[in-house]
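Heads up: the structure comes next, in structure tokens.
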């Protein structure tokens, strides 16, 4: 193993322990690790944005020797306008234009995206014959339909939760609570395996206590 | 109002039928075809049709056929090969193939406006020791000419079009009604009501407020929603003379948040209290950001923490640390997978739609409240559609296709 | 820093040096010692339970220590955890077991390093089993890092049994086609032609000059498919794209987070078998006979799980007791 | 004008992008792809603003406020080291024949080394802290405080038990379909699906409404003052 690798493994082990020490309380080791993490990750993304976005998505496209594209120049112009903030208040207001553009596009694109994937598709999936299959299937179908219905009733803002309507909203909260509990309990185990990966590194690659 | 709702609902349901029929009317027209059977060679495919692929940007023709009578489990037909030539030429080239039992191939290599002729070869590959030793095939009659074109409206999305028109129409209707002076009842939403109390608590304790707007960039509507809420929270904080800190993980969010916080201070009449370093960038990295936020929480010990926006796995890392320093935490996200963690670790959680409603609710502007009322009407239409749909489906009338997305 | 913390810090340094240079490598606790440790830890739970009942809720750092211990100690314990074999893993194993030597299996690696603790053990056991049984493996990935993870599995198999290095030849007994972008469209196009999607393997060797791929045109020339998936694109796309359309036979290994979403396909028969999370990996290791990391990891995971469950029970005991007391007053 | 033009831009762009969803014809079919690229390019410019802000605030700490000097200095140093190797490896990569990427592994200390041993180890460990936080959160939150909390607790507890071999061991006497692991799957696939659907449909409605308010210029906080 080369010295860079050995050094790297010791460094990585020190960082691992430094971050874990936060569980005890904030301390100088965590603080050092945190500062290095913030700085290096900011640098990492800075570099990645430069090469993956600016170089590949703009430079290589716009200056393609065979068929140069025009579309990336729109992004370039928006980006330059964004940087006007660096050059004083006189022209800084220009940076609102690319923001307005991005906000408008985001609102437009995601409005359709969510309407389709979260509303249309989910409603389509809810519309299913209920009384088919075994008794168990029927119970399951009824529960899904009733749960979706009551859950949505809970989200009504313009009607007071009273009477039958309030009752449905309450059942809706119950369904939401079961959903939260189940998804939580469900995730616990896979979160444990994340730490196992680090322990495997510490005891295996670094200390070599396990084979 | 009820009449209007009924009208909207029936329009919605009807529209689905319309779009359902629109799709069906595009049935292929059968083409005459003589079947010539040669010994050992499979019979050709029948009813071959080549036509422009609908609802696309052009450059595509779809070829469909009915299976060859020899396409059975006996494997006399092993595949179909589709050949194409320009009209007036006999130079047929293979453009695609399909395994036995399949009935269509999409040719994406055509030029718009050029007429093409197609034929389908029902093919039998005879294998020996995994190697093809003989290929027998019989061509269908050539069909065409077919031309590809681009469409200006995607008919298969008509149902979505009508759906979004109804929803947006309802929202805009109530916004306009509110402009005209109508006022609407909006119920109390626990988490949102607590926003003001939470800011008040920080004021009493003389400590700062931290507002974390999630880890996504400006290309997520959750971030936009979070920033509009930030505007209201910062205004209340400025009125109370309580410092609000906004550490962010995206540069564009930083730029926007700076504008918002500054504006909130001047709306609160305290522009002099605003400091430039209240909004600051940390790092674009998910866990780097979480590490930095954790550090800030334990060192600065804010009295109130807002975690509102798009969060992923880091949600619990932040919320647990916020909890450990005893801060009042109000969270909100439309990330269904992270809601359980916020519910478990925070004092109040704005669940999905509630987060989007928060800025309208906090502003108390009638126009914005009107949009909530419109949203509710949309919800009523959806609920109605689900109930009716389930009933119809249970009686064997298929309607779920009305919500199909292509 | 308080003196106690300084002492703890130097103790940690000493422990690291001890572990690195003095302790035996690998280190293992005997079964008796392991049992004693487990009993001692369980006893401390009783103490915590009593304390909590007296109204003293333990602080979260105590919970952290227990989780840490539960995750760490099993690495060194020589104890066997009974892993019941679930029918879905058994069926995945049976399918591979029924293949004749020389059969060709497509192995799709659709995950990245963060999911490796759960999926790598499955992939390792799978690779070892196939190599020993003489099943030919065609590796591909719809996730960019997938093929690298596959490379690690191949290496793990060679390290486990160095004799395989001579027996198993690249290009003849296995091939790594690499990554192809395009998600579910790759799966669909492969139904027509593998070569269209993978004109060359990961080293740039043309498709046609690789012996194992001779006569492999599309799914119909593949005897079985195994998918290791951590999300999208993954098992769901394979079922919809390859099983439903082209009749591919498929089993899958999934992360625990993914698995429940995949169960309906199993019930519908579109999927032969399913290994879910660490438990699935441990079961598969047991069935194939190549016990390795998952068998260790599942111990840690189960212990950590039990710790969480016990703490929830303790928390509720005290809480309920407090409630009834208040009612009595 | 400083507010009117941006509002007009938002309105026009937003409307065009909604309409584009229904038009398969060029150039509308390309808008979404273009937007993704444009956004990526703008983000690459914007990160200069963020990075300079990070450096400025750290520098102020070191030289003016004289607090947290070590912390601030480490941020600046590690940022610059990463940038140096990122650009050094990147530019030598595109000059080389055949060209290679800045993140390709190579012997010695370089961007890929920093990624593997510094960035990845920090990132993976921070992620792994969840193993502990998930435990402390469930210890605190899963208490039968009231009926709703009890539902949360019971659902969570059953699913948690159903996910470890122990769960099936204690219900081994039941038929396979009723064992704890299958019960957990049932809760996930039925009850959880119902709740998730309600949440998702609600989100769609809220999101459409928010987007519409933004496009119509009713929510304009992001534009700041005049």
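A, B, C and D are the chain letters, set down in written order, and residue numbers restart from 1 in every chain.
In the analysis below, a contact is a pair of C-beta atoms (placed from the backbone, for glycine too) under 8 Å apart; a residue touches a chain by one contact, two chains touch by 3 or more.
Keep in mind it's a predicted model, so treat the numbers as computed, not measured.
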Of all other chains, the one whose Cα centre sits farthest from chain B: C
Comparison of A-B and C-D (more C-beta pairs in contact): A-B
Mean-CA-position distance for chain D and chain C (Å): 25
Chain centre separation (chain B, chain D; CA means) in Å: 17
Inter-centroid spacing, chain D versus chain A (mean Cα positions, whole Å): 3
Per-residue multi-chain contacts in chain D, two or more chains: 18, 21, 39, 42-43, 46-51, 54, 120, 122-124, 126-127, 129-132, 134-136, 138, 140, 142, 152-153, 157, 160, 163-164, 184, 188, 196, 199-203, 205, 207-208, 210-212, 214, 222-224
Residues of chain B engaged with two or more neighbouring chains: 160, 164, 167, 219, 221, 224, 252, 255-256, 259, 282-285, 287-288, 291, 336, 339, 341, 343-344, 351-354, 357, 372, 375, 379, 382
Chain C: positions in contact with at least two other chains: 60, 64, 67-68, 71, 114, 256, 260, 277, 301, 304-305, 308
Interface residues, chain B side, partner chain D - complex: 55-58, 150-154, 157, 160-161, 164, 167-168, 171-172, 175, 217, 219, 221, 224-225, 227-228, 230-231, 250-252, 254-256, 258-260, 262-264, 266, 277, 280-288, 290-291, 313, 316-317, 319-320, 323, 334, 336, 339, 341, 343-345, 351-357, 359-360, 367-368, 371-372, 374-375, 378-379, 382
Touch list for chain B against partner chain A, complex: 159-160, 163-164, 167, 184-187, 189, 218-221, 224, 252, 255-256, 259, 282-285, 287-288, 291-292, 294-295, 298-299, 336-337, 339-341, 343-344, 351-354, 357, 372-373, 375-376, 379, 382-383, 385-387, 389-390, 393-394, 396, 399-405
Residue ranges of chain B touching chain C (in the complex, touch as defined): 96-99, 130-131, 324
Residues on chain C engaged by chain B in the complex (per definition of touch): 60, 191-192, 214-215, 218, 220-221, 246
For the chain A and chain B complex, residues of the former touching the latter: 19, 22, 25-26, 30-31, 33-34, 37-42, 44-45, 49, 82, 85, 95-96, 99, 102-103, 105-107, 110-112, 114-117, 119-121, 123-131, 145, 148-149, 152-153, 155-161, 176, 179-181, 183-184, 187
